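Once you've had a glance at the structure underneath, I'll fire off some questions.
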Amino acid sequence: MTLTINEENRDTVLVVSVSGRLDGVTSKTLDTHIGARIAGGSDRIVLNLSGVDYISSFGLRLVLVAAKKLNGPGRRFVVCGLKDNVRQVFSVSGFLSILTLTDTVDEAASAASS
Amino acid sequence: MTLTINEENRDTVLVVSVSGRLDGVTSKTLDTHIGARIAGGSDRIVLNLSGVDYISSFGLRLVLVAAKKLNGPGRRFVVCGLKDNVRQVFSVSGFLSILTLTDTVDEAASAASS
Amino acid sequence: MDFAEIEARSTIEEIDRIVAFIDAWCEAQALSDELRFKLHLVAEEFSMNAIMHGYRDREDGWIHIRLVAKPDALSLIFQDEAPLFDPLVEAATPDVTASVEERQVGGLGVHLVKEMTRFVGYRRDGQRNVLTADFDR
Amino acid sequence: MDFAEIEARSTIEEIDRIVAFIDAWCEAQALSDELRFKLHLVAEEFSMNAIMHGYRDREDGWIHIRLVAKPDALSLIFQDEAPLFDPLVEAATPDVTASVEERQVGGLGVHLVKEMTRFVGYRRDGQRNVLTADFDR
């Protein structure tokens, strides 16, 4: 398995792009990574999942944890680039209606900087 | 920055290949990942650093933590593929003499399976 | 009727082998990406629950997965020898409409399994928990 | 004499900006990979110590880094306004010969800085900690 975490600062927004499988182990890894970024002061984060083909309940957990941490004034958490199977998992879990979601990274970055 | 964690099982050995910078944040991320693998039962691990151009004291910390966890009967931790700058950091910290190190992944995997 | 099976121990380390096993079978059966995705998901949720909750800290527990292809359906049969637990009855149903603040973290595994299958059933068979998941082809 | 400077706040988030700042300067000065590596290392160790230990939970602390190129040397001057702390005297010297079992985790940052520089000095300047690191070109 390969997990890649790529980060790019776009003004005040940190774009975290992930590729690979978000399973029980890698989700915990990514959770730690994003948790460290938030603790380190990144309060506007885009999570780009366009490279993620697989997500289980562990992946949903990390997404919800990040959304909770970044819920509040001056904080933003936007998820983008869901592939069909990932979108279905978000959909049946009710995540499509409670999270801010966009198709592209550009849309996500502008939503997160607003 | 980009952190890539690639894993491959070679018989009883898990080869974890890392690319990117091992700084204060990414070292914690990788520490969590390897910690989850060890907790999950992987007790023979090769850490391939051939894709790592930069390591700070935080990277050394994670390497030592993994070496401590995998120190004992039936357990193996082998590090391979150090680039020059990374090797110098290992050298001045005394890590070259206390860790099992090899040049190639193949050598590391066979050292770890013995 | 085509089928394949794998036995594993109750450690997270075994998940990679299970993933490779499912991939190989999906390849051989020429299944769609969607079905492959669902098989991976259900296998992971069942396996991780058995490892983390069923066997808890035991690493020598036994896990068994069988995949069966029928003309119009697929089945995944999961077995373990952990203490009796029927997740379909016991696991709380998550409130999938709650807002981010209100929403509980966790408890989505069994829910996802129910959503991703046509049918999912539990039975206790002697010392074994047996979970069966059926998918439309 | 060529120089460049950057001001940052005492958050880990700022490390990326510092990294980019050093990269740009090394590029402009056409420095070797080895020198670039050392500048990154020393800047990260100083900055992380100021953020984590000096300013502790304060995110609005002030950090300043100046890079200076002389014909035969480079200097990195690091300043913060955290409480007085001389790492060159106060930080314990790690036992780099201890075995894996005996070896303490941590405490290598200041040691690496000493090893990677020709000279490193500390002084208190009013409310400021000033660390100077010199490198051979």
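Each chain carries a letter (A, B, C and D) given by its place in the written order, and its residues are counted from 1.
Operating definition for what follows: a residue touches a chain if its C-beta (ideal position, glycine included) is under 8 Å from a C-beta of that chain, and two chains touch if they have at least 3 such contacts.
Keep in mind it's a predicted model, so treat the numbers as computed, not measured.
Asks: What is the shortest path, in steps, from chain A to chain C when you may only step between chains that touch?
Replies: 1
Asks: Taking each chain's centre as the mean of its C-alpha atoms, give the chain farthest from chain A.
Replies: Relative to chain A, the chain whose C-alpha centre sits farthest away is D.
Asks: In whole angstrom, what separates the CA-based centres of chain B and chain C?
Replies: 32
Asks: Suppose each chain is reduced to the average of its Cα coordinates; what separation in Å results between chain C and chain D?
Replies: Centre-to-centre distance between chain C and chain D: 50 Å.
Asks: Express in whole angstrom the distance between the two chain centres, defined as the mean CA positions of chain A and chain B.
Replies: A distance of 27 Å separates the two centres.
Asks: On chain B, where are the residues touching two or more other chains?
Replies: If we look for residues of chain B contacting two or more partner chains, we find 1, 7, 25, 36-37, 40.
Asks: Where in chain D do residues touch at least two different other chains?
Replies: Touching at least two other chains: 12, 15-16.
Asks: Graph of touching chains, which shape: line, ring, star, complete, other?
Replies: Looks like something else, not a line, ring, star or complete graph.
Asks: Among all the chains shown, which pairs meet the touch rule set out at the top?
Replies: A-B, A-C, A-D, B-C, B-D
Asks: Under the touch definition given earlier, write down the residues of chain B that touch chain D in their complex.
Replies: For chain B paired with chain D, touching residues are 1, 21, 23-25, 53-54, 56-58, 60-61, 64-65, 67-68, 71, 84-85, 88-89, 92-94, 97-99.
Asks: Tell me, which parts of chain B touch chain C in their complex?
Replies: Against chain C, chain B makes touches at 7, 9, 14, 36-37, 39-42.
Asks: Would you tell me which residues of chain B are touching chain A in their complex?
Replies: 1-7, 25-26, 28-30, 32-33, 36-37, 40
Asks: Which part of chain C faces chain B closely enough to touch in the complex?
Replies: Residues of chain C touching chain B: 9, 11-17, 59.
Asks: Which chain D residues qualify as touching chain B in the complex?
Replies: 12, 15-16, 19, 33-34, 37, 40-41, 44-45, 48, 94, 96-101, 103, 105-106, 108-109, 111-112, 115-116
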